[in-house]
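Before any comments, here is the structure.
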Amino acid sequence: MTIRAVVWGENIHERTNEVVRGVYPDGMHACIAEALNSRDGIIAETATLQEPEHGLPQSRLDTTDVLLWWGHAAHGDVADEVVERVARAVWGGMGLIVLHSAHFSKIFKRLMGTPCNLTWREAGERERLWITAPNHPIVAGLPPYFELEHEEMYGEPFGIPEPDETVMIGWFQGGEVFRSGVTWRRGAGRVFYFQPGHETYPTYHDATVRQILQNAVVWAHNPAPRLSGVTDAPNRPATAAPEPIEVRGPRLHQDGEEGFR
Amino acid sequence: MTIRAVVWGENIHERTNEVVRGVYPDGMHACIAEALNSRDGIIAETATLQEPEHGLPQSRLDTTDVLLWWGHAAHGDVADEVVERVARAVWGGMGLIVLHSAHFSKIFKRLMGTPCNLTWREAGERERLWITAPNHPIVAGLPPYFELEHEEMYGEPFGIPEPDETVMIGWFQGGEVFRSGVTWRRGAGRVFYFQPGHETYPTYHDATVRQILQNAVVWAHNPAPRLSGVTDAPNRPATAAPEPIEVRGPRLHQDGEEGFR
Amino acid sequence: MTIRAVVWGENIHERTNEVVRGVYPDGMHACIAEALNSRDGIIAETATLQEPEHGLPQSRLDTTDVLLWWGHAAHGDVADEVVERVARAVWGGMGLIVLHSAHFSKIFKRLMGTPCNLTWREAGERERLWITAPNHPIVAGLPPYFELEHEEMYGEPFGIPEPDETVMIGWFQGGEVFRSGVTWRRGAGRVFYFQPGHETYPTYHDATVRQILQNAVVWAHNPAPRLSGVTDAPNRPATAAPEPIEVRGPRLHQDGEEGFR
Amino acid sequence: MTIRAVVWGENIHERTNEVVRGVYPDGMHACIAEALNSRDGIIAETATLQEPEHGLPQSRLDTTDVLLWWGHAAHGDVADEVVERVARAVWGGMGLIVLHSAHFSKIFKRLMGTPCNLTWREAGERERLWITAPNHPIVAGLPPYFELEHEEMYGEPFGIPEPDETVMIGWFQGGEVFRSGVTWRRGAGRVFYFQPGHETYPTYHDATVRQILQNAVVWAHNPAPRLSGVTDAPNRPATAAPEPIEVRGPRLHQDGEEGFR
């Protein structure tokens, strides 16, 4: 079975900043998609902020198994309607991989219900990522730790709900730590946040990072058909109750009505 | 130390529906507040949708330890600004107890990041609530189960994130089950969802329910001073790093700037 | 990739009890293995208490991807050495599916760290299992609920640690509820407990139950190579530290020594 | 209400090692108890390995609200019977705080169900502990981080089940990270593991460490009466079922019998 991934990129600094263009001449999203396409069984395409509906019309989400999201400078420009559309897709079973500065993306904050804030420093310092869940599918085959010689520091406290799983913790040269790889389930969809990926450094060219992203796509893929009606609250009247019951007592509602929202 | 609780009530059906007025002549919020005030160490007041700022100006939240929330017919009338204000208070340490049909309140959905949907039936059937976490502070001293002769059925699947703790599960006469008492932590604030409380039944007059609400207020109370700046993402420049580091590599940001959001 | 499953059966009541023999003439383990073998990609064999080393020598565990465990009358007869061997295999990545009365098996209690107790009643009553995590891989494709006309009642409180995921909750005709399908991760191994399966009823002939067991085997399979040294606590001396450090202060240990256990 | 704490100490290196005796002339347990006694509302006593029943007869556990455990060189000398007794007390509601090298204590491994292993280095290096859950009761009032100039390095992977809450993460000078403050619930008892505390360093004289231990005792205290029968699996016969049912189908058991274990 082929997993269909879409890499969403904000695609701004790659065009406006000389340094970033040098590292990612075709855009960060293209670099990430290329990494995914080098794994058998994954077909990755891209979408960007500048496309109509940010490249994510409903029809495309319907055929996307796993969405990866990188944004930084223009979180506020993402249409709320698209954010809700992506949230519904996740609840219905689409995987979502949230990258680096997308901790402040609308979609991540929407799914977490928390500020998703952190401390930060752009000093080109060393990050060493330790595997806390050996042989978790996201880090299968990795050594106990790996290093990125240059990364932006993201430090605790990270304003997230308690993760379902802590897979990696980052050590920073300047003295901080961060839960750099963490997972949650939201409805039928799996969510993975991965800390590395500052746009001025060649992080997405790193072989280990690419292996993790490939692994994460496989892990986040839910092969079951996408659920529909993920926000419905259906009335099941007494006549349809699994056990026979008689209606008793005073009522506000009529059978089969929609209820309040 | 006295815990300051505020019971927020939508206060609509108590005024517009004969049956509900009969059960809760002073409003459901007043009944719940009275239950809380009967426990030593809790002082409970009320707030309603109809008051300015729904009775929840910032100054009041600042001095509220635990907020209880009951709403049903008018979730959409709650101002988004007040919802965000309450969310920030929770992240900063205020406890939140979400009651029955408030599963669809804006504040609960905001903090969960999921649809919070369920199936339902208004048939006056029996609910039996089983304690799954004996002697959890919320159910301290309770028997293995207790019954409510008339409750609205809420059935699984309940569209919530995996709870931090499952404290009670409800059995319904018509054949359904529900995670009727569940908890999460959101920032420094504790959140408890409690299923019973349909407005046409005398649920909040029930002695066990009242005991649970009292217990839950005590459990949800975080005595530490409220955190401020709960959404800040402070820059910690290299000069302020805990370990001495030299800035390396290309940069997007200047020291101490605010970063993108 | 083929998943290699082993179904461990206590294999006592099938031989000593007329009723059980009638339902499972070849043994429960054989019935379950047959169910698994009917799914493409799974090859299932059996092992029983009566075989040398209970059919689970180290060499066999080394080539087992997922182990299923059914026991009831003879938990105490399982050798502690085999229990530890299975625990190490789970920590190293073997999946484990614990069935019905195996809630009291040594291996389940060993991995949970809790009593794993419950209330029970053998009355042939109806159990209705509700899916609480729609489209979780274990219940992919299932309807909102399914029924077993005859099951042994297992009731809350279930003496387990908070599950990583609650996938199913059971409703019982006599009035109880139970977390009938729950998961945990233990090291690199996934663990699934599934409540149905009393030996006097034809549960393992039920099509939905068989589908769940097949799904669960796929879910529990960790394709990464089995981890070794899962209980080691290696010393990493200063000379091998990722960052250069000088040894300071008084010491108890010499470099590279084993430490206390 | 006064919280009754007992600090259990192995009490070996304090007597056999010159350095440790210099740092803790009255024993580490005495130093920790003294720290706890300086908080209003806590009365702390001590128990040691060398006392009859290691100072933990059943009668004493029955009146202990929170037990703290420090051991290192003699984990194997702790009687299994005492370990089971402590486990039952925790399941029944006693709090347990596990300190430093007690990650390898029998009681911690017993309650976790995992190897509880880690990597380590005794180099007197700096540990910086970051608060990941601001204003969690265990770290109420603490700054974002604090430092211990000399600690033993404990590094990931830490062989534990996914924690209920990650409260602190440690940064080590030599390049490692560790989940240095983590919690679980086991039955009605709360468990807290806290990493610092190598016996050759003055860790338990540190003001912040002492504040954390005091906070942790308050947090771990369950004021409800201790549960009894924590391993029982009671039969609830059809005649005692909450809902009227008739017994159907074949049976293995008689009403009210004990069942298999």
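The letters A, B, C and D name the chains in turn, as written, and every chain counts its residues from 1.
As a convention for this text, a residue touches a chain if its C-beta (ideal position, glycine included) is under 8 Å from a C-beta of that chain, and two chains touch if they have at least 3 such contacts.
Keep in mind it's a predicted model, so treat the numbers as computed, not measured.
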**Request:** Matching residue numbers in more than half of the contact pairs is the bar here; say which of C-D, B-C or A-C clears it relative to A-B.
**Result:** C-D
**Fill in**
If chain centres are mean C-alpha positions, then the most distant from subunit C is chain B
**Averaged-CA centre spacing for the pair subunit D and subunit A, given as whole angstrom** = 35
**Request:** Take the average of all CA coordinates in subunit B, do the same for subunit D, and state the distance between these two points in whole angstrom.
**Result:** 30
**Message:** Please tell me the distance, in whole Å, between the geometric centres of subunit C and subunit D computed from their C-alpha atoms.
**Reply:** 27
**Request:** Mind pulling the residue numbers of subunit C that touch at least two other chains?
**Result:** 119, 128, 133-134, 155, 162, 164-165, 175-176, 185, 187, 242
**Residue ranges of subunit D in contact with subunit A within the complex** = 119, 128, 130-134, 144, 155-158, 162, 164-166, 169-172, 175-177, 179
**Item:** Of all residues in subunit B, those that touch subunit D in their complex
**Value:** 93, 128, 133-137, 140-141, 145, 147, 164-165, 185, 187-188, 222-225, 227, 242
**Item:** Touch list for subunit B against partner subunit A, complex
**Value:** 13, 17, 19-20, 72-76, 87, 91, 101, 104, 110-115, 117-125, 150, 153, 155, 159, 161-162, 164, 173-176, 184-187, 198-201, 230-238, 241-243, 245-253, 259-261
